[in-house]
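Structures given as structure tokens follow.
The same subunit A turns up in both complexes below, where it pairs with subunit B and then with subunit C.
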Partner chain A sequence: MKESALKNAEAAVQKAAAALQKTAAALQETATDLLAQKAVDLVIGYGRSSGGDVVPLFVGRVEEAQALEWNQHCTYNLVRYLTDPEVIGSFGSNRGAKKIKSGAGMEEATAKGAGKAEAVAGKVAVVVKGCDLKSLMVLQSENQLRRERLTVIGLPCPGVTDEAGRVLAKCESCPPEVYNPRKELCDLIIGEPVQRPAGEPLSNPDNQDSTYRDVERIDALNPAERRELWDNYFARCLRCYACRNVCPLCYCKECVFDQHDPRWVSPAAAVASNRSFHLIRAYHLAGRCVDCGECERACPVGIPLRRINRKAAKVVEESFHFRAGLDPEAKSPLVVFANEDPEEFIE
Partner chain B sequence: MRILERKTLTDLLKSRLADSQIIAPVEVEGRLYFQQLDPRKGLADLAWPAADQPSGDSAPGAGSESSDSPNVTPAVDPLTVNSIKEFFFPRRQELYEQTPEGIIPRPVAAEKKTLLIFARPCDARGLTILDRVFLGEVQDESYRRARQGTTVVGLHCLQPDRHCFCTSLGGGPFETEGMDLALAPLGGERFLAQAVTEKGEALLASLAGKQAGEAEREITEKLRKVAEAAIKRSIQVPDPQTMAKHFDSPYWGEVSRACLTCGICSYLCPTCHCFDIVDEGYLRLRCWDTCSSDTFTRTAAGEDHRKQKRSRYRQRIYHKFSYFNENFDTHSCVGCGRCTRHCPVKIDIVEIVNGIGEAAAVGRPAMAGRPEAAGRPATGTGAKRRRSGGKG
Partner chain C sequence: MKKLKIVGFLCNWCSYAGADLAGVSRMQYPEEIRIIRVPCSGRINPLLVLKCFQEGADGVLVAGCHPGDCHYQEGNLYARRRMLILRSLLAYFGIDERRFHMSWVSASEGKKWADTVHSLVKDVRAAEAEAKAGVPVW
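Moving on, here comes the complex of A and B:
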């Protein structure tokens, strides 16, 4: 019995791998076409380093499109690069792309980053998984993207794994309408819809059944226990800022933690300043974080950062019946006023 | 060379817990970290080296030279996340305090008897590189005291992984540079101990253990060969002229494009030693800093001399493989692989350095799917990689 179950599991894995391979080939073809027809100047996808690791790949030439990959190790949220002036800027500049006067969003950043009088930027295609797409929705709702310059390539995702081959926790609760990117939010969808054990549905934001079990476990502790738990984690923090820098929604041109004068929070790693860093960051992401999980994945010392952001998400959801990243038009409840907003805090 | 039973080491550590600090690998939620052991908990946290054989799929002949104990597969990455540098060059160090009576320097901590156990050869060698900086013409008193008070008991490395490349930088899984006493695991219960310095000799003399025979030497020699063979990557640092020539190459923009400019590579690096001087209220302190951050070169007036991440990433490479070599006759890299292993987007330092000579000339990185750069080493995982036919 056991053996046959194992064989079934192996067969399923092989089948999934074959499907991924097929999607990768289709992706390469699409990227080739987009570049050859000059529909885009850059494709941001996944490739592989000579050391054998999956890496973000920036494809600007037709002949490089063959290096694009799609497999279960494609964990990175590439939406992060859409607000990076050195990624967007460098490609526009030598591709003969049309010049765009500096303005809002990435163009202005390009001008600053490249130190040029006039920003030059071309069109960009980006490969997204459903979870990544949610962060793109938030960027769009916050006017950080020129959507017309962007070709969003959605890939149905069977779930991604860490290096040891374990499926990431965020994937386990991922619902079908996320892991199969919605057509109306993408420009292209490559690959067949994926079927996998269903997670809990996100489509109804009022559905408040226990999707936040991890948060509830911590909520159940008393304040002293919670403090001890988190301070133990924060004591490890190196203040490398990987969590902030990998975050697609941490796009501030000057982060409060980088300001020198005044220096709001000491950059030296110690429990008190580390605690300030993580909690301030959580506040800045409240109502915006889409739980793409990149912060937690990037953290070299294993701080469970998703739990902090999910706590904020839970509060926002309970107070405002809002989940971030599902609608490109929806503004975070913390940046808009509505008559029906709860006012319990005014006594 | 002597053979030490595990119990001998356990007894040593137990007795030292009372009167000195012990720094050792500790497992926390599936990852290993070097930490100071809490004397109240005894040796409960100490992560003993588990496997007695080179691990990983890339180790040829793994298991064939088995000694007398079963081959244990460790549940965790056998390499610690952090290096041992923070025990000599702390993340945060108070220097002065401003008081109504004036500026009072913080006293430098007194020399503390410390036993640092199971340092890997790469980490131990990292100390000798930090020594060049902190114990050169100007001596850093707190670093000097920490170094002097610490006995480094190293552990030969049987578990290099696919990101390791120490052998191409003059190190090796059985090298002893930077250690006082070196231990080679002979199965899970015995170690072959070799004194490297006088400090190590004194320590070894205080321990009971029979002299090693030819058999143990042979086993160790075999393990050394297997461990060395398990290291598949090799960094080929170009000569200084080549480095200088490609300083302005567009290559740096290409290879740093994915960089998130976080500080993981610097902060986990056993040899990165840049720091910032900052004020916390009335305290002035020294803390780690990283050249990847755009605040690193920002002046008080707000001007930033390395605005772009390409120039910051280039600085990291040139500091390690050009400037440091000019000043100290060695590269500031021991090939531990942490910068790539823990990089959130797996920026590959070996690939980038190896590409300087050839690819920098044309301004493009050598990546999978692209033409092979000359001198690029064969990689262990290379054969498994899907080769695609890019002609670019």
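Moving on, here comes the complex of A and C:
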């Protein structure tokens, strides 16, 4: 009995891998066509580093399109690069900046020095999973993209895994309308819609009967316990800003944490200033964060950053009935108000 | 008893005038609040509140016009959303919620201003009493 279940699971994994391979081939073909017809100047997708890891890949020439990959290790949110002046050049609102050399993986590109290559003429195709697409929607709603210059290639996603091969927690709670990117929001969809078996038990208890179970568990603690819990995490924070730098929605030209006058938050990696840093980061993402989980993945000291951002998302959802990333026309809940907004906390 | 340091951000048009009325009416209220006048409660950046806590405040109050009375029509309604999120994040990180108050005080509510400060000071004292020894406010 057990053995046959195991065999079934193995067969399912193999089948999924074959489907991904097929999608990857179709993606390479599409990228080749787009570049050959000069419909785009750059395709941002996934490739392999010299070490064999899946990394972001920037394809500017037809012959490089064969290096594009699509598999279960494609965790990165490539939407991040759409507002990055070093990568995108004249695309988006960052006119005049330089792009990196096409065809290079990110690490080689930075090693060789970004900015030497010619500027991108402006048309970019980007490969997105459904969850990444949500962050693109937020950028679009905030007027950070020139959508007409962008070709969005959506890939139905069976869920991505971490380095140890476990499916990420965020994928386990991912609904069908997200893991199969919505047609009307993409220019192209490559690959068949993914079917995930209904009622499949989720291995992560955080997601089992409530979307915000992880947050609720912390809410249930008393203030002193919450303080201790978070202070222990904040004591580890190195203030490396990886969480900020990897975030697709952190596009401010001058970040408040880099300002010297006034210096709102001390750059010292101490518990008190780290608490301020994480609170303000969460606040800036309230009503915007789409829970792509890149911050938590990038954190070198394992702070559960999603649990912070999801608290803000939960409050926004309960108080203002808003979820980020679903509608490119939606306004962020903090730039609008309603007369009937809750005010029980106000005397 | 420890002397508290509490910062109050008061909007120029309603709450500051309300506090002024409390003063000229000779109403008594704790002197542990330091008032900072701002153009509108919609001007309060959450960073201002955090800065107060970082610099050693025991409590912070944000006061503005009642909904519908804002001099700028809607500044206080933006503030209401902002402070709701700020307050829940403070609580989430284990900062006692009673240290952060928001209140609507109009220019004619001198009495309400005095009551607000009384209840704020009472709440902050209660938070202080329950705080673990050696754990700073921020």
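Quick note on the criterion: the second predicted complex is superposed on the first by the 292 of 347 C-alpha atoms of A that agree within 3 Å, B and C clash if a C-alpha of one lies under 4 Å from a C-alpha of the other, contacts with A are read in each partner's own complex, and residues count from 1 in each chain.
In this text, contacts are C-beta pairs under 8 Å (C-beta built on N, C-alpha and C of every residue); 3 or more make two chains touch, one makes a residue touch a chain.
Keep in mind it's a predicted model, so treat the numbers as computed, not measured.
Of the two partner chains placed by the overlay, only subunit C lies in contact with A:256; subunit B stays clear of it.
Once the two complexes are laid over each other on the shared chain, residue contacts for A:55 go to subunit B alone; subunit C is not touched. By the touch criterion stated above, A:173 is placed in contact with neither subunit B nor subunit C. Comparing subunit B with subunit C, more residues of subunit A are touched by B. Once the two complexes are laid over each other on the shared chain, residue contacts for A:316 go to subunit C alone; subunit B is not touched.
In the superposition on chain A, contact of A:86 is made with subunit B only, not with subunit C. In the superposed pair of complexes, A:218 makes contact with subunit C only, with no contact to subunit B. In the superposed model, A:286 lies in contact with subunit C only, and not with subunit B. In the superposition on chain A, contact of A:227 is made with subunit C only, not with subunit B. Within subunit A, the residues touched by subunit B in the first complex and by subunit C in the second are 266, 273.
Contact residues of subunit A toward subunit B in the complex are 28, 47-58, 61, 63-64, 66-67, 69, 76, 80-81, 86-87, 90, 112-115, 236, 238-242, 244-246, 258, 260-261, 263, 266-270, 273, 294, 297-298, 300-302.
Against subunit C, the residues of subunit A that register as touching in their complex are 218-219, 223-231, 256, 264-266, 272-273, 275-276, 278-280, 282-283, 286, 308, 311-312, 315-316, 319-320, 333-335, 337, 339, 341-343, 345-347.
Remark: subunit C residues 46-47, 50-51, 54, 67, 74, 77-78, 80-97, 101-104, 116, 119, 130-132, 135-136, 138 touch subunit A in the complex.
Those residues of subunit B that touch subunit A in the complex are listed here as 28-31, 33, 81-82, 91-92, 162-163, 233, 253, 256-258, 260-264, 266-268, 276, 278-280, 285, 287-290, 293-295, 298, 300, 302, 307-310, 340, 342, 344-348, 350-351, 366-370, 376, 379-382, 384-386, 388-392.
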